[in-house]
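Naming follows writing order (A, B, C, D, E and F), and every chain is counted from residue 1.
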Amino acid sequence: MPMLPMIEENAATAEVRAVYEDIKAVRRSDWINNFWKVLAQHPPTLRRIWDSVKAVMQPGALDPLTKEMLYVAVSVTNNCEYCIHSHIAAARARGMTDTQLAELMAVVGLANETNRLANGYRIPVDPQFQPPA
Amino acid sequence: MPMLPMIEENAATAEVRAVYEDIKAVRRSDWINNFWKVLAQHPPTLRRIWDSVKAVMQPGALDPLTKEMLYVAVSVTNNCEYCIHSHIAAARARGMTDTQLAELMAVVGLANETNRLANGYRIPVDPQFQPPA
Amino acid sequence: MPMLPMIEENAATAEVRAVYEDIKAVRRSDWINNFWKVLAQHPPTLRRIWDSVKAVMQPGALDPLTKEMLYVAVSVTNNCEYCIHSHIAAARARGMTDTQLAELMAVVGLANETNRLANGYRIPVDPQFQPPA
Amino acid sequence: MPMLPMIEENAATAEVRAVYEDIKAVRRSDWINNFWKVLAQHPPTLRRIWDSVKAVMQPGALDPLTKEMLYVAVSVTNNCEYCIHSHIAAARARGMTDTQLAELMAVVGLANETNRLANGYRIPVDPQFQPPA
Amino acid sequence: MPMLPMIEENAATAEVRAVYEDIKAVRRSDWINNFWKVLAQHPPTLRRIWDSVKAVMQPGALDPLTKEMLYVAVSVTNNCEYCIHSHIAAARARGMTDTQLAELMAVVGLANETNRLANGYRIPVDPQFQPPA
Amino acid sequence: MPMLPMIEENAATAEVRAVYEDIKAVRRSDWINNFWKVLAQHPPTLRRIWDSVKAVMQPGALDPLTKEMLYVAVSVTNNCEYCIHSHIAAARARGMTDTQLAELMAVVGLANETNRLANGYRIPVDPQFQPPA
């Protein structure tokens, strides 16, 4: 049971309903997932987070599938069960294959390993890696 | 100063030198970065980690730039200063633009935010997100 | 099933029972939650952790509700399911409203986001933020 | 050196300058800290993150000092050097004393400890902690 | 349900079966745990991770029980439910007692606490702790 | 510069001095490291954390070197620069060799990798790993 109850579509205020409708329109979907139903308890957060997701995840210099895979990489590193499920589903809906998922997981695993080797040994950054001024 | 001293190329044993040469050949590079020079204190780890990096980061179902960006996403989430520098440099060498970097950072930031909202509210996974059997 | 079995009150040694009684007295409660029942397998840890909780969470320069909310913020960031439940319950018992919980979650989410932007971009600390000497 | 160069006020476009002016007005401050100067490389992110900070950190059901302390708790848990400095400075500007800071740190430390005890022992959540339906 | 389906022994290809047989031989065990059955969906990862586990966890300058306890310490810190179960079971199989488990947990908890105190207060490293050159 | 100033031995109150003397006596050392000098700003925390460190790190069912190595494993996973330095120094003082350090780092790296594979793939815990009742 979530820490605040979920607000179903038929019980939503006009303010919440407007966000729900925008989510469905942008996603060409006919249902609202649980994440938004809990955030709906605090409408300013529902609106703000949805506006951020809509802006950040839209096509840009990176394509939507790449963005979903980056989202998965973070969610796996942080162990967010909900986000792992929802963003792997979203990536699959955008064409991610099982082999691409396996390669993504391999990169995430390896990065978590070498992150600790670099941090643990306190390895100094090579001057060649400095960003351009 | 790193926790174990770095082994320069001209001080390397044959075993270490063989890995250094493979790194340079695969990367078409003429220098060895500090990460490997510290791992070289334990040759089995140097060999094993390099073989893993070589296998995982090669072109596959995901292209090398996507893999580098996934690596950056994990390294930023974990706050590995060395890895942030080295993998952003690698991604730039493979063509990542400043705008792509900014979009990558925006996704990483947002994913870290919604990961906590989903975990904090203990939001139940929608049945629609279950993976195919 | 926990990694070590729980010790119920009626099965506790005198040493464990003394801590249980202190927990109930300080909290004006008539039951012991599972956390302590597992720690009870190692009485020095049970005693030490309880003494720390009692000392740290007592009213001081910060009031108990603020302390509980700080505890929730950490537990959400670390994804400790048990601690999220127990400390949100404790904060509610001390008067935290649903709106306060929603604002707390919003701060925790945003802080996790900007933490990664600041770490990822390696932003130098402004001299104005240096602590007073 | 940050991963993208900082944009100073006198080099800002009108779009960036508008955000900078809003930051200074809301904060009654006459300077812009480095965090925003780096985000300014991607104006949509600059605008979006500032709008989020402004909305989330304003007085609400929680007062601004409590919000700043929650921000510090998350930043310490995640080890964000920049955010630790900037949000401790902000909390001090809102009246946080050294003793309050020390109590905050004690809570954060203890929560990080008991989070691992609860997660490590896989302690089942007591039914009494379930949120109200 | 895992994100990719598990491959049972009787459904494994020769390539996967060879790894399964090696796992059973090295561990003197007659079954394969779920971790490997999922990795088997991507045979190069199955082989690579198993080779790493075999190499890293073999007796060396550290004995296998110490290595398993270090594995538990990391898994508890990261909250990996699967790894906590599997590596505590492995440590017990190598002789870890309940008291040793309790002491391990106490160290892990305390280290997570003092890590945040040291990071939060930004305590400068004493020159006496510098590694030998 | 730390977030609260350090209190040197010659400026310590009697209460702080008593802890400092106990630290030096237990460790058979003639100096106080920075960690304690900052905690000394809040004497109840100084006393409580020192008492915890003294109790948890003393010889028990696990020997002091094993405990120090567990401390290092956690500190590397969390990226606590101060703690990595101080606890590697302590482990070396108790006999840890460079090869043992390298094996420790290899275990920590690998555990961080497989933690993400297990969490990311949502691998179900095998019934064989359930703890004894």
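To be clear about the criterion, a contact is a pair of C-beta atoms (placed from the backbone, for glycine too) under 8 Å apart; a residue touches a chain by one contact, two chains touch by 3 or more.
Because the structure is a prediction, the values reported are computed rather than measured.
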Which chain's centre, taken as the mean of its Cα atoms, is farthest from the centre of chain A? F
Same vs different contact residues, chain E with chain F, by half of numbers used: same
Of the chain pairs B-F and A-F, which one is connected by the greater count of C-beta contacts? A-F
Would you kindly say which chain has the C-alpha centre located farthest from the C-alpha centre of chain E? D
Separation of chain C from chain E, taking each centre as the mean of its C-alpha atoms, in whole Å: 27
Using Cα averages as centroids, what's the distance between chain B and chain C in whole Å? 34
When the centre of a chain is set as the mean of its C-alpha atoms, what distance in Å lies between chain C and chain D? 20
Among all residues of chain C, which ones touch two or more of the remaining chains? 1-4, 49, 52, 56, 77-81, 84-85, 88, 99, 102-103, 105-106, 108-110, 112-117, 119-122, 130-131
Seen from chain E, its contact residues with chain F in the complex are 1-4, 31, 33-35, 38-39, 49, 52-53, 56-57, 60-62, 66-67, 69-71, 73-75, 77-78, 80-83, 85-89, 97, 99-100, 102-104, 106-108, 110-126, 128-131
Mind pulling up the chain A residues that touch chain C in the complex? 3-4, 41-42, 45, 48-49, 78-80
Chain A-facing residues of chain C, complex: 79, 84, 88, 98-99, 101-103, 105-106, 109
In their complex, what parts of chain D are in touch with chain A? 1-5, 44, 48, 51-52, 55-56, 130-131, 133
If we count contacts the way the header does, which residues on chain B are in touch with chain C in the complex? 72, 76-77, 79, 81, 84-85, 105, 108-110, 112-117, 119-122
